[in-house]
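Here the structure comes first, spelled out in structure tokens, and everything after it is commentary.
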């Protein structure tokens, strides 16, 4: 296919296990919806990743739900969800009309609920399931499943048993043991890792002395967290064999290349779409042009090519 | 240094037409209107000028010294003119983003996203319109004046302000043939108690088929009350913190009362204009 | 004392346990040295915190040791150290000439080394010891002591036994259990918590495909990490009774106030000094002026005054 | 929009005098010198103009569009004049920071920190000086020309460049009475093999008491070799990634050979000028 701006015909396709994407650019869950089709043709994307759904309908967090930070933002949207039935009856038919593969993000606060939803969403038209295991596990101590290797392995094992679809685990940076968590997800049968979700943060309005988010704390996203997400992407790609999908602060072509070089096979773009809703379309186009210029035939020639640093060492 | 404003190139969707665009505009002027407000006039590409009064844009604000606004800032369309390629915003300098806006100089490039949201409606049987607003809310309602004139409706604009000289857009309303009533805090003519008989007198005279409002919780409550009592419909433009402005992130939800149910709606997508009787502040 | 710019005579003093500081502004370890006396009189500071020392001389990490990030930087300086003897013979006499209390940051890779150094630095002229427990514990699995509550309690218990000086624990944000770690430090007898150290990150040069740091990964600091450090400060201040010293991304008066309101009794300023070496002097001055303007008599009227958010709640 | 350049107010230390200052300067001009280099001329307060050739400043670069340099950028003093309040930098646009510098316009405010580091020395028995440098290294050595003239020393400047027209500061060196030799890559006169006999001829004629260099590893090795062979001392200005520029962070260390020991020194504090024989690249 010829690129809409540059005319590049470079082959941008990548495989994530059995799933072949026509390019490595896809949205991050919670920052994308059918509304973006107001801005560009969503079929240029490598995949479509929907906002996390939970089984039941839910209201989400109190407002204010977002606030502006330096080089990023905080959000505490929560997971307002119209529930599984709405997804099946309304959303799935809508998204099935696109050629881009559909990735459904799911979550729950207990193992049983998670497993049930995983089985439920394993429907024709769904190309992969992304398990948002960064949400609190209320059966344990309220810590997110993905904060610890044991709870990660538990939940991913349950989900694996419920579906034959490609199953991705979306990890959290709010852990001291990202590599152990990644290995646990792999051991439990995950087909890919999405690295990573938002970083827990907070902001206070000094005039009113109140938190700027209705939920007090929230998730940091945007360029400020890029070095953290890139580090985790590198760590996970080094430690695991399953594909890693980079996510966190990606907004420019350089960012995409940095994550690919670090070992990601694809990337998700979130907050950048809020700053500039045309970002993902532009990245697809720019990646093709860059590959043409640099005479690179396949994205595989970029993935995981990070070298040892040329470091000045001291005795 | 002048350049031609354009929309950012994007892949065209099949069949469907795009509803909004990220556009690189050129600043024509950016001047103080009175102590607190500034008017930004842009040379904008035709694609973004198919607007409705009440719709808004998301503005990518420049960084003022020492501050770093990150998210776009929502701003109502103050004026638009497709023939002339003009797009106008009237804004109040309040924080980092609007301080950034204030740094824009003629011929600067400026990135806007829009038009966004649902604008005001003007139903066929709304022949006498009454607009009641305060402060920057007047900026949001301003384009209604032209729309009313174009559709041949009568418009009464009650402009509320702290001091009479701060009442905005009076000339603009008058130029489109509206009757303007300025009320202000200094003589207490702007209190709900003072406004109620003023408005009820006009209702009694059959001069109010619909209300429009924006920007004041007190005014909203007054109009909800009068609307319920006299069976007069109306519309309000609401505000909420936003991230995407397009409907994707669910940051901007508010609660609305529809019948006896409370429902959530996104201000950026289902709004910013809502039926007055459903609004909750 | 009258402020050098504003003339304010506000009382900015705060207590950290038994230690009284004339104002809550101090440098962060590793971003401060006698060289800053080229720029302003260091006696305006609330305290002096030195670069972490280890017992033996050490070379530090390979170069490049820093890189520029969006709203922040990465560093992998390591702990080049001239060793304890140099500290005792050269540095201690130099710093003792100042009136500001001297805080000595120490570290080690094993419990025994840590304990020995703690005893050694407990010298007249030292006002407090800051234990940098964010460094790898090579007796365990190489993870930093402060990543887990158990290793935190172990090391702080050992250090507590070796000194009667005020003992501060400097925590890391690279953990999923910051509150448990903070409680463990308190339980082991820490007199204060410094919250927090840098966030682990990475950056890659896409032209050479090599990491931008000689050490591959490094610590993120500066405004980008402020929401993370503020969140941890709030969490620790809520969970513990001992004073919390906020640290991470502080560069403006608003930042200082945000940390104080969140519950910090004092703050450390690091990276901001690199951008603007006059930052700390300016913050002392601006805090006094702000207190004058707002008619606030004591910093205690600010500390920990965060309110519940005025949130819009949904059914 | 003009303003008086000043240093940021700081508490005065008792007895000691401050060595460097954070100063708000005013841009006088910022113009291209040739394809790759630009000259930035500032109106600077007196406090920062007590400089030595070889010292540097840390510049707080403005943000060019779409880029966000964070740390200050080190830049050698190209020229300074305390009487006139002038401070000059010659820079090559290479990345985000220097692209930011290129956006500075006359009358803009610009924050600099300095002077920093140890400058060049010029020992009494160094009567005949030879300076050999390439590219932007010539910017660093430029202020030596005036110093040499003031001290009544003879100076030979070998200016190396890719093409003859890219050799910088030739006029400046000549204006201070230096003999200038331009060597370049196009006729291969800039290779170490070509330079060696050129320099050795002058050494033989007793015309070289000391070397100064900057900016090229090949040149350093040549001069280290010639210096060792003929017993000629010299100084080199070195570079390293920096964060603080003051000596606090230890980012900028390099290794040096002192006798048979390898030691670490901070480029920003102990340098950027070091004895040629101790340098390692």
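Order as written gives the chain letters A, B, C and D; numbering starts at 1 within each chain.
By definition in this document, contacts are C-beta pairs under 8 Å (C-beta built on N, C-alpha and C of every residue); 3 or more make two chains touch, one makes a residue touch a chain.
The model shown is predicted, which means the values in this text are computed figures rather than measured ones.
J.: Please state whether A-D or C-D has more C-beta contact pairs across its interface.
T.: C-D
J.: Using CA atom averages as chain centres, what separation in Å is found between subunit B and subunit C?
T.: The computed centroid separation for subunit B versus subunit C comes out at 47 Å.
J.: How many angstrom between the C-alpha centroids of subunit B and subunit A?
T.: Distance between chain centres, rounded to whole Å: 35 Å.
J.: Indicate the residues of subunit D shared as contacts by at least two other chains.
T.: 68, 253-254, 264
J.: Please set out, as single numbers or ranges, the residues of subunit A touching at least two other chains.
T.: Subunit A, residues with two or more chain partners: 59-60, 63-64, 69-72, 80, 312, 314-315.
J.: If you connect every pair of chains that touch, what shape comes out? Choose line, ring, star, complete or other.
T.: Graph shape here is other: it fits none of the named patterns.
J.: Dump the list of chain pairs that touch, please.
T.: Listed in label order, the chain pairs in contact are A-B, A-C, A-D, B-C, C-D.
J.: For subunit C, which residues count as touching subunit A in their complex?
T.: 59-64, 69-72, 74, 80, 143-144, 147-148, 172, 174-177, 199-204, 206, 208-217, 220, 223-228, 230-231, 234, 254, 257-258, 261-262, 305-315
J.: Give every residue of subunit C touching subunit B within the complex, in rising order.
T.: Touching subunit B: residues 71, 252, 312, 314-315 of subunit C.
J.: Along subunit C, where are the residues that touch subunit D in the complex?
T.: 4-5, 30-33, 35-44, 51, 59-60, 63-73, 75, 77, 80, 222, 273-278, 281-282
J.: Can you list the residues on subunit B that touch subunit C in the complex?
T.: Residues 66, 68, 253-255, 262, 264.
J.: For a test of understanding, state which residues of subunit D touch subunit C in their complex under the given definition.
T.: Residues of subunit D touching subunit C: 8-14, 16, 18-22, 60, 68-72, 96-97, 111, 113, 240-254, 264, 269.
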